[in-house]
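These notes open a run of structures that come right after.
In what comes next, subunit A is part of two complexes: it sits with subunit B in the first one and with subunit C in the second one.
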Partner chain A sequence: MASAGESGDGADGKGVTTITIISSDNEAFEVLEAAASMSLTIRHLIEDGCADGGIPLPNVTAGILAKVLEYCSKHVAAVAASSEAGSSSNAADAAAAPEKEEDLASFDKAFIDVEQDTLYDLLMAANYLEVKGLLDLACQKVADMIKGKTPDAIRQTFKIKNDFSPEQEEKIREENQWAFE
Partner chain B sequence: MSLKSIVRELKEMRDGIGSMSRRGGGSDGRAGHGRAGSRHSWPGLWPEPQRQGQGQRQEGPQQQQGRWANLPPELLLDVIQRVEASEATWPARRQVVACAAVCRSWRDVTKEVVKTLEECGRITFPISLKQPGPRDHPVQCFVRRDRATSTYLLYLGLSPSLHGENDKLLLAARKVRRAARTSFVISLVSDDFTHSSSTYVGKLKPNFLGTKFTIFDSQPPPDAVVLPNNKPSKRKSKQVSPRLPLGNYNVTTVTYELTVLRNRGPRRMQCTMHSIPALCIQEGGKAPTPTGTIHSLDEQLSTLPASKGKEPAIEFSSTSLSADLSGPACTNEAPLVLKNKAPRWHEQLQCWCLNFRGRVTVASVKNFQLVASVDPSLNIPAVEQEKVILQFGKIGKDIFTMDYRYPLSAFQAFAICLTSFDTKPACE
Partner chain C sequence: MGRDGMDAFPEGVVQHILSQVSNARDVAACAGVSRCWRDCVPFLPSLYFPRGAFDAAGGGAGAAADDAIGRMVGAAARLEELVVYCPFSTALLPKWLAARSPTLRVLELRVDSADADKWDHLDCIGLAAGLEELRLWGLTMTRAPAWRRMERLRVLEIVGAVLQDTAVNGAVAACPNLTDLALLGCECSGEAVISLALLDRCRLDFVGSGNRSLRLAAPRVESLEVQGFSWISLRGGDRLKQLTISKNTGSLYHVEMGKLPELEQLSLRGVQWSWGAIRSVLQCSSEVKHLVMKVEFCGDFDTLQPFPEVDLVEFFNSHPKLRKFEIHGAMFAALCQKNSLKNLDSRFVMPCLEEVLVTVRSPLNAEQKLNTLESLVRYSVMLRRMVIRISQMKNCHEASDDFFEDICKFMYMNSGRVCIE
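Right after this comes the complex of A and B.
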């Protein structure tokens, strides 16, 4: 039995290569190489030939890794589908393209609608693994969480302590008074 | 090691070990991914020690510094850039100011993200009101006069919005009468005009005849030198300060002259901008641009020019910080002089006309347009000389528009417009 994870020899024998990624808590995830390569970090490791036997990620736990890989798989499938539709002469395929884009957008929206702790972990993982689309999605989500909030509300939401000196605090309060007038 | 692929339901995983754990580096001993990992910071795993400011607040249980406070700077930058880009207009723009008020790291990043008014065309912090406007297009504002309280309010926007809720108040001024003289006090808020208040931004004082006005800024303009007071009585004590304190700095002189037609013709206005060098209107020129907070001294002028011998370059009475430094706060170069564009007499309409491009719709002696008046020897191109740097005029009862651009700031523009309200009968 061919060991899954070796490039060029997919476990299903169809010529589709898969990669194994191992979380910090020793869970293994088998994914398409194309999906895993959405992470530049992982892609470089594959290119460097470090993928044999699986790629360990000491900084990402299983739960978050699963989420990240789900994102990557979904997006890679979407890219594949749209390029198929692009090269297909089938009018129905072409017509379905914008709909599929909408599907992806609503997937993303639901995907990033998570608890704050998870959002933080996803943000850090996307940054570390260099998954640009996910990083943009997570950063935008944080930006959206900030909008509409006063400084106090922002601090409460993100559990940030006010570390200004009393003098600075005074100036900043005036600044805010002017801004929120 | 089992390499069997495991796919779990997302919810299960989210409820389980969702947080980064310190345990378990790769169990197969494969450490050090070379390119990967080394360039990314992991503050969640290695928290920075808390910065201790003066007068540290008592840490309540709800205020523990969570990991969000230690977001890697590049991520915080990305997030705040997104907020700044999307909240471009007021009132939403206050969100950017809110970000700068969260904590020190957020403030640093926000200040880094927000460009000067000239660069980005957006008013963000109060200091934007003292920064030169953009070169390419004017900042369009309007002024509302309240006769009952002698208050003048400057708002950002083309004209008053329908319900007035979304109008952003930039500055407020109140005419104050002391003995026979009036002056205007300019403040960031509409309900506090005291000199000692931190919202005090500057003032405007006319001479007795109402033909000459001096505009005082509460902060010294950057790169300015204050010339010595020419009033010997103020030299109570000599004090050399390495930094100019908050006080009142003469930044502009506005004069009005009657023309030959006296009461029947337009007035002639001249503004000498002591703190703005004439050459700055050239392409590539730079007008003084303060940064930092509107009351901060740190980013302002910090050195005085060396003078001959050991005489201090300025003398400042230590008895009162709000003493007026009547000598102008100057640049070392020739200052920019603005003159009003002469209206043309329209024979058919029988009135004086200026092309306000639709921004002024009611005839009034208060209406004016200012352009630069430059010495030919400075070789400033004609196109720069023709630009209307400040335009002010009436659009309705007690409502005026004010459009200003580089190199004037909102504060200077507003103060100049206020002079238009206060000229005495000698000039009208």
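Right after this comes the complex of A and C.
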């Protein structure tokens, strides 16, 4: 099984492997293999030796792919830094760990603060590419948009069709009167 | 893609999104959005009924709450976490818990302590055999609960309760595998006997009049905070890293414990401790790095007394790892040199001391206090910062003015390291 590095996908002189990923609109992105592997889908493709010449993703456009890879790169760097700090006996490193967690949290917060359409696209991409952290982040953001809204308002915000029959509608309204008085 | 709205989302994604919604009002709203959403609701892992959830129903709030909680809990087939802060009928609790016992892991209830007999219904908590975390607010426990062994329970918190000591002991004994125990703002008197092999963190804050004693056996405990006991016995401090013992009213007259080899932080607080108790704790804490001592008075009986003198050199020699040292009022006043510095071994040093906070309350024995401050600075090679608090100094006459002047001089001579608040 050829590893991505050996296939000439771009192992640079430092021995760090990179992978090329190609969006649905044919834009190529070169990223660290470790970052790309945050996507289980991509990781399986690499392991199956399908990474030669780049991994095509017919479901993800360049704009969204760029964002997903930005998320992965940031998070994989953070994981590497924290495992260094964990094994280091340097007290300063250990003390810096909660700060770095805060940095990551504010990165996430700013990262997911996007328009609704972009949010959906990120969510679907994270789901398809199986990037758990990003999927959780995007789902939480959508959930936050649900909070405090009436069913009508939720339907409007997310453009969802009301497919209840009038009788079902009535029953639901009765049961949940306490929530919307 | 997003232009089509969420209807285009695969159901697994909708499920994942809705799993992040737990506020009961929001869950009720979601159930009314569309069939797909309604079908997801039974799989939600967590339901939270806030305090005012049913306030809008006015006089019918109680019935509305019982109805809605019963319906929603009944429908949530995979419910793992249930939090109820709004008023509800405890008589219905057995039914709700029995229905969800296979999946329920976390339970948090606010119980109205007005009706003492409601505790019988809280026996039913034992039905939720898989419970891992239990938090109860405002209950009254006059007897030990009839729980079976709650083998899976790891976290138990009871806040603002009125408890009989037999009830406390019985409840804790029914949960042998606790790692976290917190009994806060609890009115209780008598003897608390707690033995927990897996306990990591423990906070006991017992209030009210009457004497209380604590027998705690916890071989793995790492963090322990107790307030309100006059008599304390601790077995198993081998892993203890943080220890705070306080007695906000009344007096603490006995502490027994073994050596605390891993102790890093120690805090002694209260109105009155017996000297034997203080000495006992300090003797077991030779490894301590961060020490706070804030006890107002000494004395073995009801009479409040000042502290016996504590030799500075001996004190720091027995606690060589001290990095941060905080000492207040009368206890600071007791530190002195007992002539030991005159014959001092020139190698005496406080090797690790970096930060000191001293509160000075009165100008009595000013010379001794200044000597102590000077010694602290002179013999601590690593000292970065000393803060002297004098804003609450009693006794407004000349002696205090002189003392204040002397302290200011001391500060200027050590500028950069010493400051006054």
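The rule is short, and it goes like this: the second predicted complex is superposed on the first by the 167 of 181 C-alpha atoms of A that agree within 3 Å, B and C clash if a C-alpha of one lies under 4 Å from a C-alpha of the other, contacts with A are read in each partner's own complex, and residues count from 1 in each chain.
The criterion applied here is as follows: a contact is a pair of C-beta atoms (placed from the backbone, for glycine too) under 8 Å apart; a residue touches a chain by one contact, two chains touch by 3 or more.
This is a predicted model, so every value here is computed, not measured.
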Putting subunit B and subunit C on the same copy of subunit A, do they fit or clash?
clash
Does the superposition put A:109 against subunit B (first), subunit C (second), both, or neither?
neither
Going by the contact rule stated at the top, is it subunit B or subunit C that touches a larger number of residues on subunit A?
B
Does subunit B (first) or subunit C (second) touch A:132, or do both, or does neither?
neither
First (subunit B), second (subunit C), both or neither: which does A:174 touch?
first
Applying the document's definition of touch, where does A:166 land relative to subunit B and subunit C: first, second, both, or neither?
first
Looking at the overlay, does A:142 come into contact with subunit B only (first), subunit C only (second), both, or neither?
both
Between 5-13, 23-31, 131-139 or 329-337, which subunit B stretch has C-alpha clashes with subunit C?
131-139
Quick check on the output: what are the common subunit A residues between the subunit B footprint and the subunit C footprint?
116-118, 120-121, 123-124, 127, 135, 139-140, 142-143, 146-151, 154-155, 158-164, 172, 175-181
Listed in rising order, the residues of subunit A that touch subunit B in the complex are 3-5, 18, 20, 22, 24-30, 41-42, 44-45, 48, 50, 53-54, 56-64, 66-67, 70, 114-118, 120-121, 123-124, 127-128, 135, 139-140, 142-143, 146-151, 154-156, 158-168, 170-172, 174-181
Which of the residues in subunit C come into contact with subunit A in the complex?
1-7, 9-10, 12-13, 16-21, 23-26, 28-38, 53-54, 56-57, 64-65, 68, 71
For the subunit A and subunit C complex, residues of the former touching the latter
116-121, 123-124, 127, 135-136, 139-140, 142-143, 146-151, 154-155, 158-164, 172-173, 175-181
Residue set of subunit B touching subunit A in the complex reads 1-8, 10, 13-14, 16-21, 23-28, 30-31, 33-37, 40, 42, 44-45, 50-51, 53-57, 59, 62-69, 71-72, 74-75, 78-80, 82-83, 86-87, 92-95, 97-104, 106-107, 125-126, 169, 188-190, 198-199, 293-296
